[in-house]
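Both complexes shown next keep chain A, but they swap its partner, so chain B is in the first and chain C is in the second.
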Partner chain A sequence: MGLKAMDRKRYVNAALFTFPAFILFTVLVIIPVFFSVFYSLTSWKGIGDPVLEGLDNYITLFKSDTYWQIMMNTIRMLLASFFFQVPMGIVLAYLLYRKTRCYKVFRFIYFLPVVIAPIAIGIIFSILFNSDIGPINKLLDVIHLGALKRNWLSDVNVVVNIVVLPQVWQYVGYTLVIVFAGMQAIDDEILESAEIDGANALQMFFKIVIPMSWDSIVVAFVLIISGSLKSFDYSWAMTKGGPGNASAMLAVYMYKTAFVNNNFGRGSAISMTIMLFSALFTYVFKRIANRND
Partner chain B sequence: MKKVFIALLIALAMVPLFAGGEAESSSSSVPELRFAYNWTGTATSKDMEFESRLFEYRDAHADEVSLVLEPSPDMTLQDKIKVDLAADDLPDVFLYWGGLSNIGDMVAYGKLVDVDTYCAESQTLRKEDWPASTFGDSTVDGKAYMFPISTFKWFPLYNKALFDQYGLEIPTTYEELKECAKVFSENGIVTIGVGSLGGEYGHVYYNEILYQLEGGVDETRDLNVDYQFASDATLRAAEYVAEMKALGMFPNDTIAQGGSSQATALYTQSKCAMILCAPWLIDTIDQAVLDTSVIAPFPKLPDAVVDPATFNQGSVSQGLCISKDAWDDPAKHDEIIKFVDYILSDETFNILALTNDLPAKNIEVDESQLNPWIAKSIEATNGQETYQPLWFLLPTTEASTAYIDNIDMLFAGAVTPQQFVDNVQAGFDENRP
Partner chain C sequence: MKSKVKLPTVFKYIVLCFWAVIDIYPLFWVLMSSFKDKISVVARPLALPTSLRFESYAEAWVDGNIGNNFFNTIFYSVCAVILIALLSAMAAYALTRIVDMKLGIGYFTLGIMIPVHGILIPCFIIMKSLGFYNTRLGFIILMVAANMSLSVFVLSSFMKSIPREMDEAAIIDGCSYPRMFGNIILPLAKPGVATICTLAFLNCWNEYLYAYIMLQREDIRVITQGIFALQGRYATNYSALCAGLVISILPMMLFFILFQEQVIKGMAAGAVKG
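And then the complex of A and B:
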């Protein structure tokens, strides 16, 4: 009886302490999500009363070539982050983990881009890749690779690759910090034993460090999924999603639909698809990750 | 008990988070007046002078009204107003852009006060204080819903020193322009410093060509009625743009070089020979380069039926709108009149004129005090026909998006002229009533 009373008291206390956060989360997240779901089922120009139209917005979107073109751009950003940002983050984390001197300084330097506003980074990259005045084409000339020069931001065949670059560059440090934290949780004795048994650095990396910090790597992947699907700043700052929609991401398409075209109903539908695809990709990834586990 | 007390304390501390704004206004005895605007900051003398007028009014009338200033720089004001509108929380008075695609819905839903209604109660303002043509952008069913404040006219600006350096004359015909482009390209100089990012400012350049062609003006004045964009003229103008791009007249990267600051940066560095200039760009061009620049008409195309020396592009760039809900609020009504009369006084327009703006209101300005380049642009465009850019004539926001997206693609070489026309027409057709 005494224990039950104590448990009840503990639950009451816990509930009281989480109550403010719960209220904030409900007001700032849950309720707006429900509003978005509602608006996505309506035709609403941001003025007057929304008119319920069922799934029309979703049907129009899924039938639209533009939507799928932009979805492919977004998936390209996701894949670039998967295949460049995470491996680079893991490798850098491992280098720091192997007791690099001044590792705290390096960790700080690698993390530094994360705290810069993405819009500022987008502007810097747009100057770098400006084929008229930027340094990239000039550099290619200097190193006798002039044949590789492109109009990076105007060429519809390459622009989307340029727009995904800053995200990968900026968030490598973020992945590093997450994975590094996972690596630090590995017991030193395990690595020392492996070393005594003759394991080299590569073997320790693949057979011990990666498996034992897998949970934090999965967290990094999951954050990348949601981060890539809602990516807005680089595309908007560098090209406004253009030319046309050649470098637009889903969030840019949502912004243009809702705030430029005043189609808040369809804009809400796009935001809902971002959320749903984010959840779907995360679920699928976690299933695969757990299977490998 | 202690924990419960702490939890309650945290909960109580959160109360102002949800009611902060209300607490302030309910305790105040003077009415609150919200004004949203985008001429803010220190980037240009116009922004500084205009904003300081607002500060003066706020401080001088603090006993009568609580003036809440809501600045949003540049085009972010448009987002702000759209969000406020969606939340049914429109500012009481705000600067905005004309054209059906901007104010059409607000008028249709009765959100704005018309100019005549306001002038009937104003102490100082009459509609006749403005040229009648300046209300064209904001007139719906015979009633104007926006007080025009700022106007603009585009004019071609040539870097004469560059032309002299390569032994070239300012081109008057398309053939001469092509000759100049050949020489400039060989020397790494961009002939025409125009790109297109979000339509800026490729659309002005496209219009400069279009309006010379047969039907270019006549067939596009009723776009918001007939929704007919595709025509021989719109296609031919697109073909000219594609040809000029192929001849290397534009910057290579038209997206990266889109926008005004990029164009004037190239021009200031003498890396391009000509640009289309507007009053607000004068401040951004280096004085030494301006000293060697001249204003001259755009080169005449071989199949031109309208001489480019006889017209320019211009319109009202921004105006002032008044919320109908605020106007109908007895507590705010009189304060709105006092404030709007102040903002639209001759004194404000004089300040705008002296800070490189072209005021929409009829005022007398001491020309000797004007920026010489503003005076020159007025002189060069006086007596010309002024045609509104197509962007101002588009019927819906979707048509507008289709137009500017495809202008970007045309300048980037991502669509053929025929695809450009077809795509824009499709954007019109999608929302044809």
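And then the complex of A and C:
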């Protein structure tokens, strides 16, 4: 066999081996992105041919109070995760990182929620916070804090705060595992010498451990940005976005617009904004995070 | 780490246990409620069940159709995982070992940056026009496509680290590319394959939105749809709903107990996906 024939055989084999994955990926991931862009510029309702209408969908969305209200709900979810999930994950990671008994037991418990379906967790939280039969209100009665009882899932003023809880609850363990991996990469000698120099646990935490595992912390933050922007299951399982749109997230709004109201054009525009804001927030966050580095 | 614990140790364990209780209690509550009858769930939500009562499970499994959903989900997940492992390993093998094509891997990696919700509508329309809407195969194919990007990414970085001399020796011995893949590279890439299988299995089992738009017929629905339907159907029967939840959660818990290291490694690898 000549070199040329061998080369040809190589390329033919390479092409054949890549082909099935390539086709599936191209048809169901790459091409849909272009379709999304296209549909978002039409007012297609699922019947007939889509007609291009320029940026109408985007203009309507950006002018509507509903869109921004739902955007604020989504941002609230993002901020709740930023300020509770990440700090809690970091603190727990550090506590586990410092020689701890039953490390494996704790890690197992903390990570357990991560493997459960978000929709199941949404349903669990909707039972827990149910104002008639839920154990939360019952518990408040038992500990004589009955005054704090609310109609958690139907009170417009509190519902969005409840809908963001399951995400925080579920992913503290995920943050923990990511950050823990970052902490493990720190050279023990650095910590030991700091300890000899008389640094206490808090100083070591803020001066050494946090800066040296900063990259993994940034990863945890970035995951929250995209996770919050595409969050669907909790809001859907707990309230279907209601009452009204009080607890809707962008993905729920997208779903309702496209699949309930059959407005595929507008729905696609919403999903484009999910992608674009996700990229934008990630970019801005990374810029800020790296400047502080 | 050998350093002596300087944090007030008691405080540290209080914090650790506090969060452990927060994590466990909702799951524990669901489990306990699944053993109660529907009246005592509502009347005494904080009490422990007086006896182990399994009727709610039968109710959810048969009347609630959770049994059917359960086996559907197993079937889809197993099929999808096998296809994902095979197809992504083939692609990763071709692009790292047969030819060295960074552009090809880069193309697959693009998908990591695309959130599924951004392409949900076109995927639905494409699948519908290809006749895959409301079919078992359609859902499996969507799951395979959705997990492809990350799998190729993980496997190609894994296969790159296998020494080149292996291939050259095999080629000189007249080994064909498919045999080299099956007999040499795939066995060596086993840890990488295990990682992506774990991740894909979790993703398939827990998927809701794709299933919700793709699977309308009752007999082909998955378990996440099943428990969501229970919530609507049993608006007053919380013990059956809790039993359904336990049935849907338990397999993943067992899976996690059996493959703890693997699952955590897989999820950490999944962290690159934005």
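Assume the second predicted complex is superposed on the first by the 265 of 293 C-alpha atoms of A that agree within 3 Å, B and C clash if a C-alpha of one lies under 4 Å from a C-alpha of the other, contacts with A are read in each partner's own complex, and residues count from 1 in each chain.
By our rule, a residue touches a chain if its C-beta (ideal position, glycine included) is under 8 Å from a C-beta of that chain, and two chains touch if they have at least 3 such contacts.
The model shown is predicted, which means the values in this text are computed figures rather than measured ones.
Asker: Check the residue A:G48 against both partner chains and state whether it touches chain B (first), chain C (second), both, or neither.
Answerer: first
Asker: Pick one for A:N13: touches chain B only (first), chain C only (second), both, or neither.
Answerer: In the superposition, A:N13 contacts both chain B and chain C.
Asker: Counting touched residues of chain A, say whether chain B or chain C comes out ahead.
Answerer: On the superposition, C touches more of the residues of chain A.
Asker: Return first, second, both or neither, reflecting whether A:W68 touches chain B, chain C, both chains, or no partner chain.
Answerer: A:W68: touches no partner chain.
Asker: Pick one for A:S126: touches chain B only (first), chain C only (second), both, or neither.
Answerer: Both chain B and chain C are touched by A:S126.
Asker: Touch test for A:F259: chain B only (first), chain C only (second), both, or neither?
Answerer: both
Asker: Just chain B (first), just chain C (second), both, or neither: which does A:L24 touch?
Answerer: both
Asker: Just checking: does A:K240 make contact with chain B only, chain C only, both, or neither of them? Give me first, second, both or neither.
Answerer: In the superposition, A:K240 contacts chain B only.
Asker: Contacts for A:E192 in the overlay, against chain B (first) and chain C (second): which applies, first, second, both or neither?
Answerer: Second partner only.
Asker: With both complexes overlaid on chain A, does A:N151 touch chain B (first), chain C (second), both or neither?
Answerer: The first partner, chain B, only.
Asker: Give me the intersection of chain A's contacts with chain B and its contacts with chain C, in residue numbers.
Answerer: The answer is residues 13, 16-17, 20, 24, 27, 126, 132-134, 259, 264 of chain A.
Asker: Mind listing the chain C positions that touch chain A in their complex?
Answerer: Per the touch definition, chain C meets chain A at residues 1-3, 5-7, 12, 15-16, 19-20, 22-24, 26-27, 29-30, 33, 41-42, 45-46, 87-88, 90-91, 93-95, 98-99, 101, 104, 108, 110-111, 113-127, 141-142, 144-146, 148-149, 152, 177-178, 181, 202, 205-209, 213, 224, 227-228, 231, 238, 241-242, 245, 248-249, 252-253, 255-257, 260, 263-264, 267-268, 271-272, 274.
Asker: Under the stated contact criterion, what part of chain A meets chain B in this complex?
Answerer: Those in contact with chain B are residues 12-13, 16-17, 19-20, 23-24, 27, 45-48, 126, 129-134, 151-156, 159, 239-240, 242-246, 256, 259-264.
Asker: Chain A touches which residues of chain B in the complex?
Answerer: Touch residues, chain B against chain A: 3-4, 7-8, 10-11, 14, 17-18, 78-79, 82-83, 85-86, 105-106, 109, 111, 190, 197-198, 251-257, 265-266, 271, 397-398, 401, 405-406, 408-409, 411-415.
Asker: Within the complex, which stretch of chain A touches chain C?
Answerer: The touching residues are 9-11, 13-18, 20-22, 24-25, 27-33, 35-36, 39, 88, 91-92, 95-100, 106-120, 123-128, 132-135, 138-139, 142, 169, 172-174, 177-178, 181, 188, 191-192, 195, 200-201, 219-220, 222-223, 225-226, 229-230, 232-233, 237, 251, 254-255, 258-259, 264, 267-268, 271-272, 274-275, 278-279, 282.
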